[in-house]
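Presented below are the structures under discussion, each in the form of structure tokens.
Heads up, the next two complexes both have chain A, just with different partners, chain B and then chain C.
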Partner chain A sequence: MRTKIKFSSIVGFLILIILVVPLLIVIITSFGEESAISFPIKGFTFDWYANVFQQPDFVEGLKMSSIVAVLASFLALLVGTPIVYVLTRFDIHHKDWFQTIFLSPALIPEIVIGFALYQALVISLQLPLFISLIVGHFLLCLPYVVRLITAGMMEFDESIEEAAWMVGYDKVSTFFKVVIPNIKQSVVAAFILSFITSFNNIPISLFLNGPDLNMLPTSILNYLENNYDPTVSAVSVILMIITASIMILAEKYLGLNKLT
Partner chain B sequence: MANIEISDLSMSYQKGKQILDQLSLSIKDGELLSILGPSGCGKTTMLRLISGLIPIQKGTIKVSGKDISKVPVYKRNFGMVFQSYALFPHMTIFQNITFGLKRRKLDKKTIEQKALNILDITGLSNLKDRMPHELSGGQQQRVSLARALAINPNVLLLDEPLSNLDAKLRIEMREEIHRLQQKLNMTTIFVTHDQEECFAISDRVALMNQGQIEQLDTPQNIYKNPRTEFVARFIGYENFIPKTWAEDQQWQFHKEIMGNLLTIRPENIGIGAGENTLLGKVVSKNFLGNYYQYIVDTELGILKVNTTKDQSETNAEITLNFPESSLIELEDK
Partner chain C sequence: MKRSTVLLLSPGLLLIIVLLILPILQMFLPTFVGDQFFLEKYLNFFHSSGNIQVILRTLMIAVITTLITLSLGLPTAYWMSRLGERWKKVVSIIVLFPILTNAVVRNFAWITILGKNGVINNLLMQLHLIEKPMTLLYTNFSIVIGSVYLFLPIMITSLVSSFSQLNFEVEEAASVIGARPSIVFFKVILPQLSVGMLTGSILVFVGSLTAYTTPQLLGGNKNMVLATLLQQQSITLGDWTSASVVAVILTVIAVLVMTIMNYGTKLMDRRNAK
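Moving on, here comes the complex of A and B:
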């Protein structure tokens, strides 16, 4: 027993080190004065952070990534929530089949989705890049929405809805007045996970970007091809801060221990 | 307020399983009618058909003469109490109770007044600002009842409302239901699988088996005169005697009904000489608080005999007597 506990704590510690040390190094290198990323650092400066905001690609990328992530997550919720409601509450044929379809984007390599959408939407249908990008990220987010909202619906006693019908509310008003307030946590969790997934995505964005359409992660990649200075470390730290603050806020105000 | 006429109600699931089979039943205005039966007998399906939670396949349901088959659930104005309480978790008790009233285009003052009145008669006034999860099971079920009554329903439907409560609360709650039902003179349908709780408060009981009503009568009549073997077994009769055998023995009993079985309650079998006797050997004796139960092996198989007096010991040979007035004839189903 004791040796088992010892073993698992050692493994846990190792994983923590493997995960945290590289991140720590990135954080440290973002303050180095030398113009190439090096460790340990010489000197201390915030210049690279300032430089991040002087790169139009990064500033535009941050803006665009946020817009796309919000729109795609929102869309995925708007489409996904009613789908899940129908799948969990109605007795329909081939339920499993539908469930698999809505979860399938998570099973297909993202780079394939990106390529397929590029072929279908941009080349064949000549849709604007922005629309295609939103569609791609929407597909990326949908499985998260379907999975989290399904979990929320499963936990929610169907009789509570029936009780609302009994006292005079039709199914649509019941959905908004009783179901949504009670699966709120799942909805917010789905939004946050969707947002982070979309915000950090590269494969789909790579295929669907263009002259005026740069996403932050792809901009970082592009920048890395030509430069290897601590600006990349700085922008990585900013990304980490954004992601972590969303998680911390969500945890604090909603108690989203379900997120993991 | 409302009487209910159910006629030829049938229901089957896609796989062809018949849940309800041409069931007819009428419930009088202000009556408390129980639907009693084992799980799977169709009692919950019947209640859900009446409530409108599931659509009617065949047959009609009329409330005060009006066919409600096509009226959607949210327009029926029926109150329902669920087994799982089903309170709205995101609302206070007060909001739970006013939720239905708010839908009814009443002004704020009337809503509040009605809610306060219902809180008062259900004894919940001091809990009105609590959230459902802060309440005990019994209190939650009380709120559920109050919520159902708040909309001033035509009919009150109770779906096994007591089965999640512990024994003491169950008795308290069933009396509360009975009291309110009487006070409001509310036509009520009470679905349960518990014979005792149903007999205690019902005006009439519909005992269901395999999608049909096996017997519909007052609790007393069902208890004293079960119609079929199923009913008799369900309400605690355990001794069954073939009529042909009894005739061969020249037993005296009423011969009014066509059927093959007689039954008698364990406490009505006497020990010692008397009418209609039978020899047996005591297999075991169990002390069950206010009576002793003897398990007696006889020519007819194992019989159960309850008596308040300690009259015999294990392995003793005894004579049992079966008074004519206690032998009940059963119909064949």
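Moving on, here comes the complex of A and C:
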């Protein structure tokens, strides 16, 4: 047994290093003075961070990505929570069938969703890009909401709800005053995970952005096609800081295991 | 069905039908009409050896990525599940961080490592092991490296959750009655992990099969996969029908793989429950 534990410790430790080192290299290259990315770096500067904020695509992209992520996550919760409540609490036929429908956006490849929405909403229905983006990201977030809220409802004791009915609450006020507060953690976790998923998405945004409407990840992708300078490293570090902040917040209020 | 049930379910159902199912149908249908034979566009697609190569490359990358992440993930997850509470938490954070970090960032990291003036070429040239920089980037190899880096944390996470349900007493019992470590691993541990391994494999296989960002950034123009071909046909060339054909093929492969593997997971779950 000893040898196997030793073997797995060595592999495990190496894997951790392999996971961390590429991100460390990105962090280090963001401070290099040379205009081509090099490692090890020569000199030390914060100029590339200043340059990030001089790129209108990045600044506008950050704003737009945040707005879309918040709206899409909120919509997904608004639509998803009642669905999950019905599916977990009511006795209905073909429950699996409904579950599959509401999880179906996760079955279709994201890039296909983006492409289909572009044809249907932007070309055929002439909807504005912004609306189409919200739709795409809402579809992206819905399966996460359904999965996490379902887990939350499973843990929540049904008899508490029945007690509320017995003391005279009707079903609607029970839902808002008893059910929602009891599954609050799952709701917050679903929001955080939806936000991150939407914020990081590329394949759906790819088809649904235009000259006046930039999302941050696709802007970085476009920038990388024509440039290869430490500005990309700097904006990557900013994205890592955002990820880290969200993780710290999630850990503080939920515990990180809620997110996986 | 009661009226309240209908009332609560219908907005969601309507949204899914109008915003997902109808657009998908609108994309699928034109690929089957307008010719003498309804599959003509697909026959034409498969007639080109370049397209066949794209499909094979996409499948190969997904298979290799799944196998590598599985074989690296197993010992890592095993090690993690045996750590003390505090270290386990630290390691989980290190594994979770890349999952939540943008794919562009993670792929960009490998451009700086594998590029012509990248970390590896620079290092090897300074050590005089090579004279000219090697071509590591924009190859199938770099797509696999990038995909493994992208999906390994996801594989580890799904394995860890099944390792934590593992019954270590059975393992000890097996070694007490004299089973060799390799026998214990293959006959006692692995069967208990099969569900976690399948769940992780579904996520990684389908994820790398449909991934766009990694092949786009690390594969270059020569090493197309289905997702980048779809983007090229539609956005770059404006050939919507050809792009739709690619989209249908990609969707069918992904849904087929997921259905088969999910069915396998269910079978195994049932067998384990007995």
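Keep this in mind: the second predicted complex is superposed on the first by the 259 of 260 C-alpha atoms of A that agree within 3 Å, B and C clash if a C-alpha of one lies under 4 Å from a C-alpha of the other, contacts with A are read in each partner's own complex, and residues count from 1 in each chain.
As a convention for this text, a residue touches a chain if its C-beta (ideal position, glycine included) is under 8 Å from a C-beta of that chain, and two chains touch if they have at least 3 such contacts.
The structure presented is a predicted model; accordingly, all values stated were derived computationally and were not measured.
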{"item": "Room on chain A for both chain B and chain C (clash or fit)", "value": "fit"}
{"item": "Touching partner for A:Gly12 - first (chain B), second (chain C), both, neither", "value": "second"}
{"item": "First (chain B), second (chain C), both or neither touched by A:Phe130", "value": "neither"}
{"item": "Per-residue contact with chain A, leading partner among chain C and chain B", "value": "C"}
{"item": "Touching partner for A:Phe74 - first (chain B), second (chain C), both, neither", "value": "neither"}
{"item": "Which superposed partner A:Tyr49 touches (first chain B, second chain C, both, neither)", "value": "neither"}
{"item": "Which superposed partner A:Ile25 touches (first chain B, second chain C, both, neither)", "value": "second"}
{"item": "Closest Cα approach, chain C to chain B, once both complexes are overlaid on chain A (Å)", "value": "12"}
{"item": "Residues of chain A contacting chain B in one complex and chain C in the other", "value": "none"}
{"item": "For the chain A and chain B complex, residues of the former touching the latter", "value": "157, 159-160, 162-170, 178, 181-182"}
{"item": "Complex contact set, residues of chain A against chain C", "value": "1, 3-5, 7-9, 11-13, 15-16, 18-20, 22-23, 25-26, 29, 36-39, 79-80, 82-83, 85-86, 90, 92-93, 98, 101-102, 104-105, 107-113, 115-121, 124, 135, 138-139, 171, 196, 199-200, 202-203, 206-207, 217, 220-221, 224, 228, 232-233, 236, 239-240, 243-244, 246-247, 256-257, 259-260"}
{"item": "Footprint of chain A on chain C - complex, ascending", "value": "1-2, 4-5, 8-9, 11-13, 15-16, 19-24, 26-27, 72, 75-76, 78-80, 82, 89, 91-98, 100-106, 108-113, 117-119, 122, 149, 152-153, 156-157, 161, 175, 181, 184-185, 209-210, 212-213, 216-217, 227, 230-231, 234-235, 240, 243-244, 247, 250-251, 254-255, 258"}
{"item": "Chain A-touching residues of chain B, taken from the complex the two chains share", "value": "51-53, 72-75, 77-80, 82-84, 86-90, 99-100, 103-104, 144, 147-148, 150-151"}
